[in-house]
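Look at the two complexes coming up: chain A is in both, with chain B in one and chain C in the other.
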Partner chain A sequence: MSANDVLAVSFSFLTNVDFWINVGVLATTYGVFALGIQLNVGTTGIFNFGQAGFMAAGSYAMGIMVVRWDVPFWVALLGGIAVAAVAGILVGLPSLRLRADYFAISTLAFSEIVRYVADNWDGLTGGNLGLFGYTDSWNAISVRIDGWLEHLGIAPHFLLPLLVVNLALFLVLAAFVALLVRSPWGRVLNAIREDEDAARALGKNTFLYKLQSLSLSAALAALAGYMLAINISILSPANFDPVLTAYGYVIVILGGLGSYFGVVLGSFFLIFLLESTRYLELPLSDARVAALRFMIVGLVLMALVVFRPQGIFGKREELILRSRG
Partner chain B sequence: MSKRFAGVLAVDRASFTVAQGSITALIGPNGAGKSTLFNVVTGFERGDGGDVYLDGRSIYGRAPHSLARRGMVRTFQLTKALAVMSVLDNMLLAAPSPGERLGLAAVRPAWRGVERRARARALELLSVFGLAEKADDYAGTLSGGQRKLLELARAEMLEPRLMLLDEPLAGVNRTLGRALLDHIQRLRQDRRVTIVLIEHDIDVVMRHSDAVVVMGDGHVITTGPPDEVRRDPRVIEAYLGKEQASELENDG
Partner chain C sequence: MLRRRPGLVLVALLVATGLVLGLTQGWREIGQVTINGIVAGNYFALGAVGLTLIFGVLRLVNFAHGEFLTFGAYALLVGNALGLPLVLSVVCGVVATAVMGVGLEVVLWRPVRRRRVGELQLLLLALGLAFFMRNAIAFAAGPEDRATGANVTAGLHLGELRVGRTELIVTIVGLVTIALVALTLRYSSLGRQTRALADSIQLAETTGIDTDRIVLITWAASAGLAGLAGILYALPAGVANPGIGFSLILSIFAAVVVGGIGNAYGALAGGILIGLVQEWATLVIDPAMKVAVGFAVLIVVLLIRPAGLFGRGRSVDR
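Coming up: the complex of A and B.
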């Protein structure tokens, strides 16, 4: 092997439709997930590190309802969101009164507890063999969407219907949350982030608002969970590792704290980066290439923090004002 | 209104009454327990015994946000102007609105009218304080004195019946300070707002307050009209210091 062969990057994947469909499906999934994190961290100022746990709670609740209890799919969808939202409230009630860092640790602990329960309660969740068999209703919808697309002259591709649904859902949710945050309710959340005591002194029950923020974020995580569940057709505890929450944070920082449009761009950018680095042909084992991919993401994040700490759509002024206090 | 309060450590069995519609100054050397007393009265800190009455009803231990809604508003010694929000947003935050409920937040028509009226009122109030041009600027770009004004204006948006001001004039230049005091007087006159202020400037205290409460080492040393208090030997000794005491003696 000559020196010229050490690194080979084939760019042909960029013209591969399936690559872009995959990027789109994952980006929208992580994007909805990150919307919740933005709501918590960027808008309300609470450091929710349990988002993966809420995603798991919602997904597994839906899966269990369909597969084990024969609940109709649409009811199960609502049920999963409800379970996640209630989980948000139950987690928030004891932990939101804690100092910021202790709250973060509590949510992380919750996330891991969900994962361990999913791993060990085989009878209910299928353990690490996974839970499957909930996609029947989706398959019917998917076929129908394929039909519509064919009418428009678009050839069927694997996961294209999911991309269509995910994209629509993601954009609608992003717009919805952005609108919510522009309301007086959102204004209170912003105030809580800046100075909770000031908000309390002005008559706001800040504990209640933080609880609502966490619960809404959990519901968003559940929706992201559905996107993932349908994508991979089988739920497994390994899918809900806390690293997912870390990805969510990277997206939020990338796009700019507080910017929901930034979440849209940030999620596509991050997933593109993660997925395109699969095509690096290096004289390394697969496992090492996988590790290298994460390193690349880490380097990008570091560069971002150094050269553009406010993210793509963040406001540098706000960063300065906040540090001055 | 009457307030009786007792607690250990920072505030040791302090007890006093505040008359409605009055301007009462709470004075005392640093560490006398004045801010702590404010914190316990407004629910930001838990006291260790005693009671606080507002209009005859006990409010001891109630959460700060519910007290603010009942018409008792406080400001802070280190201003809590929300730096990364606009001056106008700081003001609008104070105005109650149906849009503050999650259920209605997404339904703009439900709160659009209230928001518009609150905006108009906020801009009016800001112009009274000379901050109208800064309405869309970040509050963090205001000077220290302007932030004090903003905090006062913001407190007023809540239409309080009782205002507890923690050193409203600290770090404010004379001109601004005079405007602030005029405004406080007007609040009392036109809207019968009761005011309690923690203040270090004796001049201000003497000239603008109806009653003075003197604290030292966590105790209430004495209360009364300013003229009486300044002549009280205990106050002179504990707070004004020997030099100032003799100065006052010479002034008569």
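Coming up: the complex of A and C.
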């Protein structure tokens, strides 16, 4: 096989509808996930390293309510968000008063514990066999959306309804959070990032604001968790590896710290690149290819942080200002 | 009392807990889990002391420290594959990990410090490095379990208690190393300089300490001890896989925080403490959940004494 053949094989996926739908579904999922990280890190200046754990807590709570306790799907959706938001408060209460590095450790530890519990509490979570059977309601909705799309002259396609819902939700949430950080409430968060002592001197209860920021971010993670859960229709601890949190940070830094439009661009950019690598024809086992992809994510994160901390759209000062003098 | 004599209070608490567990769960059971706890405690302690030293000297939370443990275990496997006797493979593992740690300082951390990067950048670099290393090892060696070549079936019986022969050997090696580290820090000039740096790098510089040299030595010690910890974990377990370091890092962080971040003696004691508490907990809860107990201890310590049980430093706010 000549080099030309390899290239021909490699690029044909770009005209494949399934590829683009998949990129869209994943990019919106990670995008919503990264919105929360952006709110915490870019806007509030608290280093949440446990986003994958909040995502797991919210989506498992939803799945458990539907599968084990026969809670209606819509109620379970609200319930999962509530569980994640409360988890945010519970994690934040002891750790948000601490120095930034202790907070990062505590949140990362939390996310590992959630995964650990999911892996070992078989009766509730299905353990490493996974939890499934929560998608019935979604399947009904999906069929209805397919019907609407047909009215518009769009043929039904696998995962297309999910893409439509995800895309709408992602854009609405991005706009919502972007507006929120411009509100008086959001300006306090910004003030905390710039100079917490000054914000406190102005009479703001900065701890409470940080707690709210973390809790809202956890709720966003739960929504991202639903997108993932419905996409893969099985919840398993392996889906919530802390490497997800690294994905989120890559998106946030690519798009620029503090920029919500950047999150939208960054998520599509990263997922497009990552999914494209699936079509590289490598003479390696699947497990090695997966390891290679994670290696690249780690390396990209490091390179971005060192060489282009301002991302594509962000201002360099956003990160530099925070350096210890 | 807790503020003035934390060590004493802690020992009293431990003894009391041990007695209660012994009375309620049986003496043979408590004896066995205590042995398991000390076995686990010594690799937690060796992992924790390196992590805490690097934090003390460089203010760097090295999330990749768990991968240093994995690296050590795999360097041992390479030694085995080259046909070295097990003892030499262990040495090879420790030295290779120490060299890797020094290498990372030269090619990564020192240039990055020169660029005056912020706190978030450092944390993210360490996180990225952790994922990179874990998956580089998985990529190079495959994700599956690999046998470490130690005898894991032979064991000794002390009355009704059992301890594996390899477990016993690694525990003795671990405890001796812990004692050596503590003595070096306390009495040698090198140890004093390292502790001086951990207290204040500027002050240490003005007193004429060659900080670059001490930083390199600290990396060598931190990584070498991490490599040893990984080996001491993998030998009695009989196998290693690319995820072992990551699975241990949580307990190691708990040990570091319990001991007070930056406090080397605290980390050693914290490691043993976390090992004991996790193994004791298996008497009353599902053994699979023991790591969660380490997390619970971490949270409780953060709540009541955020500077750690032995810490003097500030942990609350910047």
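Structure notes:
Keep in mind that, in the parts below, the second predicted complex is superposed on the first by the 279 of 325 C-alpha atoms of A that agree within 3 Å, B and C clash if a C-alpha of one lies under 4 Å from a C-alpha of the other, contacts with A are read in each partner's own complex, and residues count from 1 in each chain.
What we mean here is this: contacts are C-beta pairs under 8 Å (C-beta built on N, C-alpha and C of every residue); 3 or more make two chains touch, one makes a residue touch a chain.
Here the structure is a predicted model, which is why all the values come from computation and not from measurement.
In the superposition on chain A, contact of A:137 is made with neither chain B nor chain C. By the touch criterion defined above, A:243 lies against chain C but remains apart from chain B after alignment on the C-alpha atoms of chain A.
Using the contact criterion defined above for the overlaid structures, shared-chain residue A:183 touches chain B, although it does not reach chain C. When chain B and chain C are set side by side, the one touching more residues of chain A is C.
Residue contacts after overlaying the shared chain place A:116 against chain C, while chain B stays out of touching range. Using the contact criterion defined above for the overlaid structures, shared-chain residue A:276 touches neither chain B nor chain C, since it reaches no partner.
Contacts of A:212 after superposition: chain B is touched, whereas chain C is not reached.
Once chain A of one complex is fitted onto chain A of the other, the partner contacts of A:94 are limited to chain C, with no touch recorded for chain B.
Looking at the shared chain after the overlay, A:198 reaches chain B, while chain C stays out of its contact range.
In the superposition on chain A, the residues of chain A contacted by chain B and by chain C overlap at 321-322, 324.
Contact residues on chain C toward chain A in their complex (touch as defined above): 55, 59, 61, 63, 112, 115-121, 123-125, 127-136, 138-139, 142-143, 242, 250, 253-254, 257, 261, 286, 288-289, 291-292, 295, 298-299, 302-303, 306, 314-318.
The touching residues of chain A, when paired with chain C in their complex, are 41, 47, 49, 94-95, 97-102, 104-106, 108-110, 112-113, 116-117, 119-120, 196, 243, 245-246, 249, 253, 285, 287-288, 291-292, 294-295, 297-302, 305-306, 309, 319-324.
Interface residues of chain B, counted against chain A in their complex, comprise 42, 44, 63-66, 68-69, 73-76, 80-85, 89, 92-94, 96-97, 99-102, 104-106, 108, 111, 115, 138, 140-141, 154, 158.
Those residues of chain A whose C-beta lies close enough to touch chain B in the complex are 176, 179-180, 183-188, 190-191, 194-195, 197-206, 212, 216, 317-318, 321-322, 324-325.
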